[in-house]
Amino acid sequence: MRRKSHLRDSIFLTSLFTIIGILAVFFPLSYFLTTDLTQDNARDYSRQLLGQIKNSIEFYTEEMIMISGYLADHPDVRVYLEGENPLAPSSYSLYQQRARISSELKAISGTRQDLVNIILFREDGDFITNREHAGLTPYWDYREFDWYQETVAAKGLPRLSSSRVENVIAGEHRWVVSLSRAIYDQDHLLGVLLIDLNFQTIADICSNLSGQNGAYVFIMGANDELVYHPQQRLIYSSVKSERFDLVRRSEAIESVIRDGIIYSSVKIKSADWVIVSVTDTRQMVQVSPLVIVTYIGIGLVFALIALVVSLLASRRLTEPILALKNSMQQFQQGDFNAQAQITATNEIAELGDQFNSMTQQIKTLVEHERLIEEQKRKSEIQALQSQIRPHFLYNTLESIIWMASSGEQDKVVEMTSSLAKLMRASASKAREMVTVQMEIDTVSHYLRIQKLRYQDKLQYEIEIDPEVLLARMLRLSLQPLVENAIYHGIKPLRDGGLLVIRAYRAGSELLVEVADNGVGFAPDALHASLEASMDEGESIGLHNVHNRIQLMFGKEYGVSVRSAGPGQNVLDQSDFDPAAGIRTIVSIRLPLVFE
Amino acid sequence: MQKNVNRLFLFYWPWLLIGLAVSALLTGLYLPLRHTPFPYRIIAVGKASTEGIAFWYSIAEGMAAAANEFKVTVDYRSPVDESEVDRQIAIVYEAIAEKPDAIILAALDADRLVEPARAARAAGITVVMVDSALADVDKSPQQSFIATNNVLAGQQLGELVLQRVRPGAQILVVSPSTRGDSLIGRETGVRAVIEDAFDVLPTLDTGGQLSDDIYHQVSQALTEHPEIKAVVCLNEYTTAGSARAIRGLSLTGKVTLVGFDSSEELIDYLEEGLLSAVVIQRPFNMGYLSVARTIDLLNGRTIESFYDTGSIVITKDNIYTGENQKLLFPFEN
Amino acid sequence: MNVLSKKPAAGEEMAKQGLAGNQRLYALVAMILIYILFAVFGRNFFSFETAVNILDASYYIGFLAIGVTFVIITGGIDLSIGTVAMCSAMIGGVAWEKWGLPFTAGLVLILVSGALFGLLNGTLVSRLKLPPFIATLGTMMVSLGISSIVSKVQTVNFPSRTSEEGWFKSVFSKVQLPSGAMLPTGAILLLAVLLIAFVVLNKTKIGRYTFAIGSNEEAVRLSGVNVVYWKTIPYIISGLCAGMAGIAYASTYTTVVPGAGQGFELDAIAGVVIGGTSLSGGVGSVFGTLIGVMIMSILRIGLPSMDLQPHYQKLFTGIVVIIAVLMDISQQKKR
């Protein structure tokens, strides 16, 4: 058998592959969009973060610059710096001056905790601090420090240091960021002002605002040294490294993405510091096996749903078609009872309904045709049987022999010729329908034979309305009735009987009646003779004729029997001569048809 | 025909089952992935408290930095000071009872801590040493050791003496203990350099006590041996104690003092000139690397048996330079 | 309603002054309360030096606030004053330091550029009918940019007290008298400007039209007044005052950082609103403005003494402004 492709498979596979195809495109696409978005978001976030940190740090550095500017040109400060060495015991007013400046420094730093030290150095080594008891360390000369010399070289512009340990105060080492500025009188250096901001303030800004998504912030100073880095010590000892080459010293925030790491950098306004935020999106990519698995998982679940849905859809669509197909195959194989049981209500159901009514009609038609054929065949066999019925033929031939031996030559001639005519009539391959006259001729041959056999015991009359002589009736439909009447009605009579055949028109119908005054039918026997199957004895003929007529012309036609039955006298409704004593009338009702 | 169709549909169901199975498998994979990285729990057992002791403060700080970076928990515990070996052993056993993934240990006693470390290994706990290893490295239960190469650091100390003291002079070596592995290494290094050139006295073992006691012991030694031209100290508080002893005996400038590790007090002495130089370690790196390597080990990577975090010579002139500032002043506030 | 009927009658005007006076009183009480609060709870707050610092810190904001009071009375706003002040100072400083102009010319340049920025604002608002908020926001950006371009993003140092040009500090900041006592010339100057502003606002045509425009611009226009002209004037005054503020800042703090000045305008506007000038225009007083500015300065110096740094400063400034505006609205409803 050739391998067939099934509709259900096609629908199933088409919808399945369509859905899976869409998923296969959609999920990778959305995955890549997601990772792209992740990086964009991370960059935006790092830039925002940087902006905030920049603002905070600028706030502090600008405050320090403001304070330094305020103090550097404060009249008291000027007087102090320009005056004689205040340690020289000269004037009381200078001592007062020192005290005033000291309380001024205290007022500025005292209101806030982030300012650790404010120290005013005179060029000659004297100094004033904001803290009453703080002294300078004896081990160093601050004028030799790099920051001091750089500040002096900056000619009065503020200089912001990197993060450093303040080592000018005796016995104290604090981490600070220093703003220093030299104070000049024209080109003559008067002194240096140093403002120390607690480094923790800067470190806190950087560490508090970073730390999400593995991002961190570091600050680079003017000479590319690290002001702040969360892992400064690891970088110093080369355990870790930082891509300083990706840092941009720009007033606007600039982002460089290298190997999945986002470096955003911005220079602050008030000093030569660069704030850099580093966001490692690889850490987000590290999460991405998770994302991939999530996507694949969701994709598979969808694919599974797609599988089930397409399975159900294909089944729902094809099941009625399949049922229809199966019914058709059944039908094709000859089962005319095949009915498509389709529960759906769509076009397929309509198709099914039409199929059902079609099979129904075909079934009826076929059945009808088959019955006609069957009856025809049966009647032919029947006729053949009746013609060559051995008993009839045997008796007739014996009668001929008897007549011949007794010298009744005329009778022999008559009987033999009648037999011959009867045989010819019944054996002829004539059409189904013959004229009433022809049928009567056939029957009269038969009757003549029987008359010769039964002598006076059988009387018969044939009354045909000339009007119906040419009307049509079924061939060989009358002879069985006559035979029936002779054998069942008259033969049992001791004194012989009368048989009457009439044919006349009744309205649009043709009525052919075979009446006798024989023993009559018991209603049971009558019934049996009409309904019995053809295999049952001698009343086959009657039944056979009835069926043939009904098949041919419809249910309203056929053979009817009226019989008085044993013990009863006459038939009530009859236009026969009452004297004839008719007890049984078998009538054939046919439509009046002329050729 | 009907049969044919049925067979086809029977053929689909295994696919459905396979789909379900794969989904279930991926969900199973997904759930643990959501909780990665696995939060390893590490217990660090140090030699002394982080309170005010710069060295251990920095170690703990380095550990915390690594813990934060690698998303693990590190719990630092220690006896209060370095004399309490028994206490440290007890701490190790307590830690084992808590079944952490790893123990990072700085052995106060190279021999006596071997047994607790073995117990930890027997309990399936990774053991990494920091600062001071266990004795008999080849057979010891330690899986890696992160520290200053103490022999090299000792040699640096010896070089400092060589540069500063006239050959043949009498030298005193002061050590808080002769038990700790790190101290043994330093002493070996120092002696390897100075043994031949100088008259090196037997090492003064101060017995793990704090500065006051050391002050007396060193003063006594200096009094007993007035010919001592240089004192070499092998850790922070012996250096401090010796410095006080030298000042107490007004020997500043006459006796050269070189020491090990740093503190605010030692920096003052350096600035003052009482202390000519110190060799310092990188405790932050030690702490950081000990945790980082432990995590490598826990993740099944092979690591070296020893990592040298290096040591640096500090004199008055380089106190306030880049890295040194960070090493010498670990307290940022 | 007939617009003409809204033209303020004499009596109504008196009532408005009274209302402004009312809020001025509240502001004064609030100022004293806030000062006491910091004196009690702030670290090292209560001292003479701190009080001087507060005065010094309110000095340049004071000029800004006086100028912007005019604009706010017209019902407008000037957001550019802070950056205009710093930009003007930067232009003057660079002209003296880098271009070699005489210092006096530099000072004049500061005032002129301030006034020009004011003229720009006034033109945009009155002639081109831009909303003041947007127009002055634009000017703010323009001045920020110009400041960075002119300075080449370098800080500028103004002459020191002892230099040849040091006299300007004695004039605009403070001067030490031979007795050793400090004469706050800057504060005196501020008061003088305040008095002038008061006179201009209350006794001149400029002041009358300023109030009138703020009260009902349409009515003023229908009276045949050249509104475009008279509405430009307050912006020019504001710009001129911003120039003065630039000089005041330079003489107090010596160093001018490029791109600075953002946020100054908020302190100034907050001071104005606290001082009883209505943001919807038509009502205002320069004396109230002075009190408002003092409150802002006390907050600026006082908050750090309670360890409340940058973000808290913004927070409290915002809160104070909201309270002031709410008071303004509730008083308008009463009217």
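For clarity, chains are labelled A, B and C in written order, and residue numbers in each chain start from 1.
As a working rule, a contact is a pair of C-beta atoms (placed from the backbone, for glycine too) under 8 Å apart; a residue touches a chain by one contact, two chains touch by 3 or more.
Bear in mind the structure is a predicted one, so any value in this text is a computation, not a measurement.
J.: Which word fits how the chains touch one another: line, ring, star, complete or other?
T.: line
J.: Determine the chain that sits nearest the middle of the structure, using the mean of its CA atoms as its centre.
T.: Smallest offset from the overall C-alpha mean is found for A.
J.: Can you give the whole-Å distance between the Cα centres of chain A and chain C?
T.: 72
J.: Please report how many Å separate the Cα centroid of chain B from that of chain C, as a whole number.
T.: Each chain reduced to its C-alpha mean, chain B and chain C end up 61 Å apart.
J.: Taking the mean of the CA coordinates per chain, how far is chain A from chain B in Å?
T.: The computed centroid separation for chain A versus chain B comes out at 67 Å.
J.: Hey, which residues of chain A end up touching chain B in the complex?
T.: On the chain A side, the touching residues are 4, 6, 8-9, 12, 137, 139-140, 164-165, 167, 171, 173-175, 198-200, 203, 225-226, 230-234, 236-237, 239, 289-290, 293-294, 296-297, 300-301, 303-304, 307-308, 311, 322, 325-326, 329.
J.: Given the complex with chain A, which residues does chain C contribute to the contact?
T.: My answer: residues 42-45, 47, 49-50, 52-53, 56, 148, 153, 155, 157, 160-163, 169, 173-176, 180, 182, 252-255, 257-260, 301-302, 304-305, 307, 309-311.
J.: Quick one: which bits of chain B touch chain A in the complex? Just the residue numbers, please.
T.: Residues in contact with chain A: 1-2, 4-5, 8, 12, 15-16, 19-20, 22-23, 26-27, 29-30, 33-34, 36, 62, 65, 69, 264, 267-268, 271-273, 282, 284-285, 288-289, 309-310, 316, 319-320, 322-323, 325-329, 332-333.
J.: What does chain A use to touch chain C in their complex?
T.: 55-56, 59-60, 62, 65-66, 68-70, 72-73, 75-76, 78-79, 82, 93, 96-97, 103-104, 106-108, 110-114, 156-158, 183-186, 251, 269-270
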